[in-house]
C-alpha cells in the first residue's frame, strides 16, 4: 500500500482529502500537517472525524518524509518550495493550490502578481485535468490540480473548442458556487446571516481562474480562447453550476453537437453528458466526483448554452486530486471515488 | 379613501398585495376573491394574517362592484374578461398577470400560444413600468404590471439601449430567482428537499418573459433588441439577481456610463444606481420595492456587465403594482411603499 | 416630534432599531453612534440603507445630548454609565443589553460574574415587558428591554404561573433561535458552511437568560419558579420558537386553560393566542412584533405544552424597545410597529 | 454474493437503500419495485443515479423471487403481506415501515388504528436495533427496522433506563428533524417557501413513534417507561437532533454517568459517546451511519440532558437496515457503511 500525506489538512480542501483518502482502498493516509493546529489531532478540530481517525498534525517535512505521495492544499505561493523537496526525494506531489496551474509565467504574473519562485521546476508539472492530460499525468512528478471553477468551465467547453464549433472570442461563463469554495476562514460575506437568503457576484472585473481557463482551452483549440467569467456566491454548502453562453460558427444541429460531447467524453468515467432535454442540476452531483453537462439551444437557435455542474470540493478539488493520483500510480481511475451522489 | 380589491388574493402575489395594501395610507382594502378558498377568511389560509384581517374571499364580480381599483393576480388568460367588466364600470384594473404585457398580438401568440381573447381592449392598456411610462400610467384604465424577471432586466438595460451605448443583438441575461417566483402550487422542483442546497436552470430554450422584455427595450431603442435569457431557481425565498452581459459600441469609460445611469434614474425613487466598485446583492433589497443596479467592466474592458437586483414579490410584483396605482390615482409615488430593506 | 438616538447602531440590534425608527411616525432618529465605525455613514456599513439614510456615527455623548430618548444596544456592562448620564439630563434610556434586566444584584452576579457598577440607579429601572409592566414603564427613566429568549418564554408561561395552574419547579424550555441572535461578530459556529444544514444546542449547563426569566416569572407567581432552559442555533436568519413543557397541577381542561390565556392577553396588541388545534410557527411572525402562542396537551393529558414564537430581532429586541418607548411617551402602543408578517 | 431487492425503491428511504446497496461489498442489488414508476428505470426518476444504475422497477413478486434478502420501504400496513411471502420462501425481509416495530398488538392498535393483519407471523419478527438485539437479529426472518425518531431517542436513553439511573415517568424528548423525514410526497408544509426560514412543531398531541419507543425502553428497564415527545420540522435536508430531559434518581456525578454510556456502547461501532463538554451536532453525523450522543447536566445539577444526533435517512433508516442485514447474514457489521461524515 502506498503511503500518502497531506500538507494543509485542516482547511476545507484538506479535510475533504482526509475523508476521501481514509476510505481509499489502495493507499494509507500516513501523515498530515497544519499550520494552525500543529500537534493537535484532526478529530479535535473536526468533530465529524470523532472516533474515525486520530491523526495528529505534524510539520511539513515530516509529512514529506513519511509519504510516497504528497497532497498540498495551501494558499498560492507556498507549494513551489514543497515541490522542490518532493522532487529531490523523487516523490509525487499533487498541488491543490494555484502555483503550477498556469504554464506561462507571464500569464501567472498577470493574475497572481508575482513571478514563479522556482521557475525551473515548472517543467516537471502537468495540469491535472484527466480528461485531457491522462498520459502526461502518468509520468509527471508535479500534478497541478485544476481550480474548481476552472474544471467546471473547461469540461463544459472542451468538446466545442477542440472541434472548432464555436467562436472562441464570444464566450460568457456565469458561474455560481457554494460557500465551501470560500473556505473555513471567517469573513462577513460568509457569515451565516449575510450569505443565507442572498446571492451576489464577486470579482466581476477579473477572477484568477480566467488565466488558467484560457490557457488550457487555448491549448486545445485552433484559436486563442478568451472568456468573460463572473462568479457568484450561492447560499448552499457545495456545488458549482456554470451557465456558459457560446456562439456557434455554423449553427450545427443540437443532435450533432450532442454526439460530439458524447464521443469526446466516451472514456471519461466522471463526466456525464445528459440527454437532450435534460438539464444539469447541482443536487444530482453533490458529494460525488461527477461532472454533469447538459447542452441547450437558445430559442433563436444560433446560440449554444452549456450547463456544467460539479461538486467544488470533490471533482473541483479533493476528488480530482485522487483521480490524478490513481492515474499517476496506475490504480483504477475510479478507485476510492465510487461516491454515488445522494438524492438529497 | 379609495376602495381597492384583489382578484386572486390567495396566491403568493395576491397575499403580498393584501399585506401591502392593508398598510397603505390612502386606500382601503375592501374586498378579495379566491377560486380555491371561496367563502373562507384569508387568515385561515395564511396564519401570518391571524388577528390582522379577517377579510373573506368573495366572488370576482363582488370584488369588482365594491372596488374603485381592482388588482388581478391570476394565471395568464383570465384577466381580459375581468378588464372588460372594469372598463364597463370605468374602473382601473391593474393586472399582475401576463395578458396585457405584450402589445403586439403576434408576439403574444408566439410566447403564449394564443391570440388575444378581447383584442380591442388592449388599446386601453399601458405597460406599467413607471420608470418609462409614468405619463400614460396616469391616464390608463388597464395597467399591465411587468413580469418579475422582466422588471429586473429592463431596468438593468434601459439606460444603455436608450443611449445607443451597446450592441442590441449581443445581450445575455443570466437571471436567478428565489422560489416564491414559482408560487404556492406544489411541484417537485419546489419540494423543500429538492430545491434546498441546489441550483438549476429552467426554460433555457425560451422563457415567456423574453417577448415582453424585447418589445419594451426595442420601444426605447433605435434598433431591435434581442436578448438571450436563462432563468435559474435559487434555494431562497425572495429576490432576483440578473447578471447581464453586453458589448459596448465604443468602449466608453465606466465613469461616463455610470453618469448615464444616474441621470436616467434621477427621478425614480425606487431605482438605486450603486457607486462604481459596489456590487448589487439580493440581501440589500429583500422585502423592499427597491431595485439596485451596479455596473462593471470585464477585465478586457470592452464588455459591460450589469447586475440588477430586486425583490420578485415587491418591485417584481405587488410593490410595483401599488407604485402604478399611486401614479394613476395621483398619490405620492412612494405611498405605502416606504419599506426599508432589513439588513437580514 | 421627539428626537431619538441609538448608541451602538451598527450591531444587528442597532441597525434593526435604525430601520424601524426611521419609519416611526412620532419620532425622528436624530443621532447614532458606533464604536467600530466612528465617523462613517451607516449606509456605507449596511448597503441595504443605501439612499435611505446617511446618518453618520457620532460619539456617545453627542447622541445623548441631541436626543430625548436614547436606545443602547451594547454588550452587557456598558449601559450603566450611559444611564447615569441620561438620568442627569432627565432623559429616557431604553437599554437593549442586560445591565438592568435583573433586579436582584446577587442573581445578576451569579449570571454575569460581577456586581452592578452603579447600584443606586437600578431603582429607576423597570423591566420592559409591556404585557406585565405597562404602568411602571410609563413613569420610568430606565427601561430594561427583555432578552429575546426571555420574552418568548415569559410570554409563554405568564398566564400559567399567574394563575397557579402548573408546578413551578417542573418547567422545561427548549428554545430554538435563528442566527441573528448571535449578532454580526464572526465566529465558526455562525460561519455559513458550519451553521447551514445543521442544528446544535449550546450553553446547556446554564444560559444567562435563566436568571432573568426566573426572576420575572417568580414575581408574577405565588411560588418561586425554576426552569430548565436549553437554547439551540437554527440555520435560519430570524425567529425564536420555544417549546415549553409543564405539568398541570389539577389537569384542567385545555379549553379552560385556553380561556385563561385569551383573557390574560386580551389587551395586549402583539400577543396572539392561537386557536386550539393550531400550532405556532416561526414563519407566521417573522419581520413583525407579534408573539404567537399555541397550547397543547400531551396525549397523556397531564402535561401541557406551550409553543411560543417571536422574531428575535423585533419582539425580542428592537420592536419591543419601540413598544416600550411608545408606552413611556404616551404614543399609541403600536405606533411604528404595524409590521404585518409576510407570508414568506 | 447475496442477492438483495427493494420493494418501494423510489421513495426517499428506498432510493437511499439503492445508493448504499449499490456500493455494498457483499451483496448485489438484484431487483427493485415501485408502485408509482413501474417499468421505469430508476435513473429516469432520480437523475443523481444517471449512468450509475439503470435498474428497472419490476413488480413486488418478481423482487421477492429474485432476491435472498428483501427490503421493504413502504407506508405502514403493506409489509405484512410481503413478509408472509418471504417467510414462505424462507427469505429474510427487513421492513423499514412500521408494521413489525411494535410487539404488543394493543399498543399497535392504539397508535395505528388497526389490528395486525397477519398476527401469527409477528412471532418471527425482531426489533432491529442492533445495539440491543444483535443476537435475535442473527436468527430472525423478519427484521423490523426502527423509526428514525425512535432510534435517536432510544439510543439516547438506553444506558439510563437499563441502569435505573433516571425517573422513567419524567422524560421529555424534544426532537428536530430534517425535511427528508417527510418523504418525497408533496405537501404545503414541505413546500420550499413554507419550510425554509421557519420551524414548527407537529403531532404534539401524540406521534406514532411514542408507542414504539416506550415499548422498547420498557423492555430494557425495571419500570414502565413513559415519554413526552414533540417532533419539529427543521429547514434542512437531513438529520435528527433529540434533546432529552430526564431526572436523575440519585443525582449521580456526570463522570459516572458518562462511564455508564461509554461501557454500554463499547462494542457498538456506530454509536459515539462524546467527551464531557462536547455537544452533539447534526453537521457531524450527516451522510453517515453514526449516532453521536452527548450528556450534560443542567446548572441545578439534578436534571440530566442528553443530546442524540443521527442522520434520519441512514442510521434512522437505510443504514440501520443494512447494519441489520450485515448482522443477520454474518457480514462485518460495518460492511458497506464506512461512510465518513463530511465536514460540510
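Just so it is clear, A, B, C and D label the chains in written order, and each chain counts residues from 1 on its own.
The rule is simple: a residue touches a chain if its C-beta (ideal position, glycine included) is under 8 Å from a C-beta of that chain, and two chains touch if they have at least 3 such contacts.
Please read all numbers here as calculations on a predicted model, not as lab measurements.
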Interface with more contacting C-beta pairs, comparing A-D to A-B: A-B
Distance from the mean Cα position of subunit C to that of subunit A, given in whole angstrom: 47
Whole-Å gap separating subunit A and subunit D, where each centre is the average of the chain's CA atoms: 36
Inter-centroid spacing, subunit B versus subunit A (mean Cα positions, whole Å): 39
Multi-partner residues of subunit A (at least 2 other chains): 12, 180, 193, 196-197, 235-238, 281, 283, 344
Graph class of chain-chain contacts, one of line, ring, star, complete, other: complete
Subunit A - residues contacting subunit D, complex: 12, 15-16, 19, 22-23, 46-52, 180, 197, 237-238, 272, 274, 278, 281, 283-285, 287-288, 290, 292, 313, 338, 340-344
Residues of subunit D touching subunit C in the complex: 172, 174, 176, 193-194, 196-202, 204-206, 210, 226, 228, 230, 232, 234-239, 241, 243, 245, 279-283, 286, 296-300, 303, 305, 307, 344
In the complex with subunit C, residue positions of subunit A that touch it: 12, 178-180, 184, 186-188, 190-193, 195-197, 235-237
